[in-house]
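In the two assemblies presented below, chain A is common to both, partnered first by chain B and then by chain C.
So, the complex of A and B:
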């Protein structure tokens, strides 16, 4: 009889260790992407806890040449002025892996409607950007749509990553940046699947490539 | 040190040493001067459609790279961008981007962050990031200040013959940019990229080898003409015989010229025998590296095979215990079941 509380404690500890973080989703193709001497993961995470069970959204944007996180947010501020919850991107600048954090930017949230939310990740110790001799100053980004967000009645949903990618790409094109849709292979395709009640993953494996002048 | 190495070092010092100034850069043959005199930096046009973007002002010049020029190990091309900027705080925070390009490929991006007027908590600062100097961040206390940054050109930024050099100013948010000019010190130079020359040496007097671990103290001396930055220490070894536990410190952020840093590498011995270890630094730093030949003694049960042998009896005992428990549990359950079955039969 004395061993029962111990067993419960052990089981509870195992569950705690194995359980994904709150709000996390599952990826079946989480993988590091290589670029020159740099690397980055093809999903972002709900915490500084790299795991297939702790992902948030797939990487669907690649801003190259003359990009930085602040520059992209500032330049697209007219379309995406609102902030969002902070998530973690994981990158390697050739000297080791690190996490970058951002809440991202989004269009106006409203009830019974979609808004576009994107997050940009660079090296926080280098001014929130990366540099490589083949791509110049670059940052990566994740995208998703939020539905019925805010103090609304009914359930909220999120996902539809490809649609959100198109929205950011279209607006980038509108301010004169060169956009190649679905150019950069990220090996993170999700052909329409629900994760839990509310997260609908839907993206091809190719990120939009946006050359920032 | 060979004569060739001395020549390369002299070349590196000549090209890269900031203390030698513009004259040293000018003395190098493979260089391109995009402007002869200062060129004003201005903002063109008007505010763009309430999106907080102010149109860019761009300086464009045509330059000529030598025949067969390309970006690579044979000759790395670097841009040095020097500009004097004048700013004033606006009602809204402002981000000013000053970028130097060749063939439209960004080489240097300098971000100037200007807090809003009345914001006394934050100060104006600029920061540039490149592979030569890492992040350079300067706080600015005057309205007019000099930005001096450098970085490699992109692969696509170097083409033989005629090319396009441009410098662009962009402004986001508040209108803080008042004006400025591009200095004639701005130039593009091709040379050997080594910023420093690292001599790696063993501190043999402190080398420790026993049956379980090998502890290798190392000394890194910067014999180059300028500071080495972002030095990552690496070790090459036979992973059948050794396992690297740690190098401490693994990463040296900055080592000024003429200075020495120390580190210790610790390995676990997996197998006895003769082996060698090679130490060096990341490719970003010119390094001779060093090698160490070792005779690893027989381990005192601390190697992996010994650990496995020690582990096996415990594992077998555990499995045997589990089997015994299962058998006894099964037997006891049968003892309980048989009478019941017997009763039913009756």
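So, the complex of A and C:
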């Protein structure tokens, strides 16, 4: 039997670890954000694989006070009733880092049209929410628009994160929640950057802050 | 692009780098145009074919589609700087392509998985 030298195996393994995952994009400013004794990354990921080369979308939403993932999804269901593909958020509740998973919620996907898609992340072992002394029960979220989704001809596109953030914020305000647009600094600004065929990153570094009653 | 833009009045609001997904290799430039007033654009839209595996240094090929898009206020162009031409043009949010339902703001219906990102 032909053997593979250990050096080759090590190099191959190293390359595999560094190789971007399918569908992933690159972030130039991935960084953990500190909140009291908690932390969370300012992007979500296409797998449980924290890396600047494996990001999906920037964090652009912060729901505070009495939020949970299901509570937000339920309250905004009338605007965003559809599901999407599962991605991973990475958070630390003060006892260590973990991944949370969700497909998020979106408006109706259509060919040759845009829909809004957002994903909410909390601690899955504590009711899909986080808690901090200063913010109460909180969750974070990413936002983007999708274009030409479903069984459509031609490419699908995604991004326009700031537009999608505004859409979620506007609809949160419409159901009576208090919204402060572009309030919470996330250090994840992307100014007009196009990745590959289809990903248009565009967001300021400030997430919408939404107080959930 | 001139034929597609016709008499539309536009300004450049943003430019940025266009890179490959995997290696972050420079492919060209992204140009964001703002049309004021919004216009209906009809004709041949540059719409590249992109190799998702990015096996070559230039993982895209020229392509075109026939399309009419109304209420175009933002236009996103990808420019191949080596060939000095636009390889992709996409109308931004708020535009309505012929044959599409537009941008539903308050959809209803059952939860269902979607294929996209």
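Rule of thumb we're sticking to: the second predicted complex is superposed on the first by the 196 of 213 C-alpha atoms of A that agree within 3 Å, B and C clash if a C-alpha of one lies under 4 Å from a C-alpha of the other, contacts with A are read in each partner's own complex, and residues count from 1 in each chain.
By our rule, a residue touches a chain if its C-beta (ideal position, glycine included) is under 8 Å from a C-beta of that chain, and two chains touch if they have at least 3 such contacts.
Because the structure is predicted, anything quoted here is derived from the model rather than measured.
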item: First, second, both or neither for A:213, with chain B first and chain C second; value: first
item: Chain B versus chain C as contact partner of A:157, first or second or both or neither; value: second
item: Touched partner set for A:78, first chain B, second chain C, both or neither; value: both
item: Comparing the two partners chain B and chain C, which touches a greater set of residues in chain A; value: C
item: Touching partner for A:95 - first (chain B), second (chain C), both, neither; value: first
item: Partner chain(s) touched by A:66 [first = chain B, second = chain C, both, neither]; value: first
item: Which superposed partner A:133 touches (first chain B, second chain C, both, neither); value: first
item: Which superposed partner A:110 touches (first chain B, second chain C, both, neither); value: second
item: Which superposed partner A:204 touches (first chain B, second chain C, both, neither); value: neither
item: Common interface residues of chain A - those touching chain B in one complex and chain C in the other; value: 78-79
item: Contact set on chain C toward chain A in their complex; value: 14-22, 24, 30, 32, 47-48, 50, 52, 54, 60, 65, 67, 76, 78, 90, 92-93, 96-97, 99-117
item: Residues of chain A defined as touching chain C within the complex; value: 19-20, 23-26, 56, 78-79, 81-85, 103, 106-115, 117, 144-147, 149-151, 154-158, 160, 163, 191-200
item: Contact set on chain A toward chain B in their complex; value: 65-66, 68, 70-71, 74-75, 77-79, 94-96, 123, 125-127, 129, 131, 133-137, 175, 213
item: Touching residues (chain side chain B, partner chain A) in the complex; value: 48-53, 56, 71, 95, 97, 99, 101, 104-107, 109, 111, 113, 127-131, 134-135, 151-156, 168, 170, 172-173, 230, 232, 251, 282
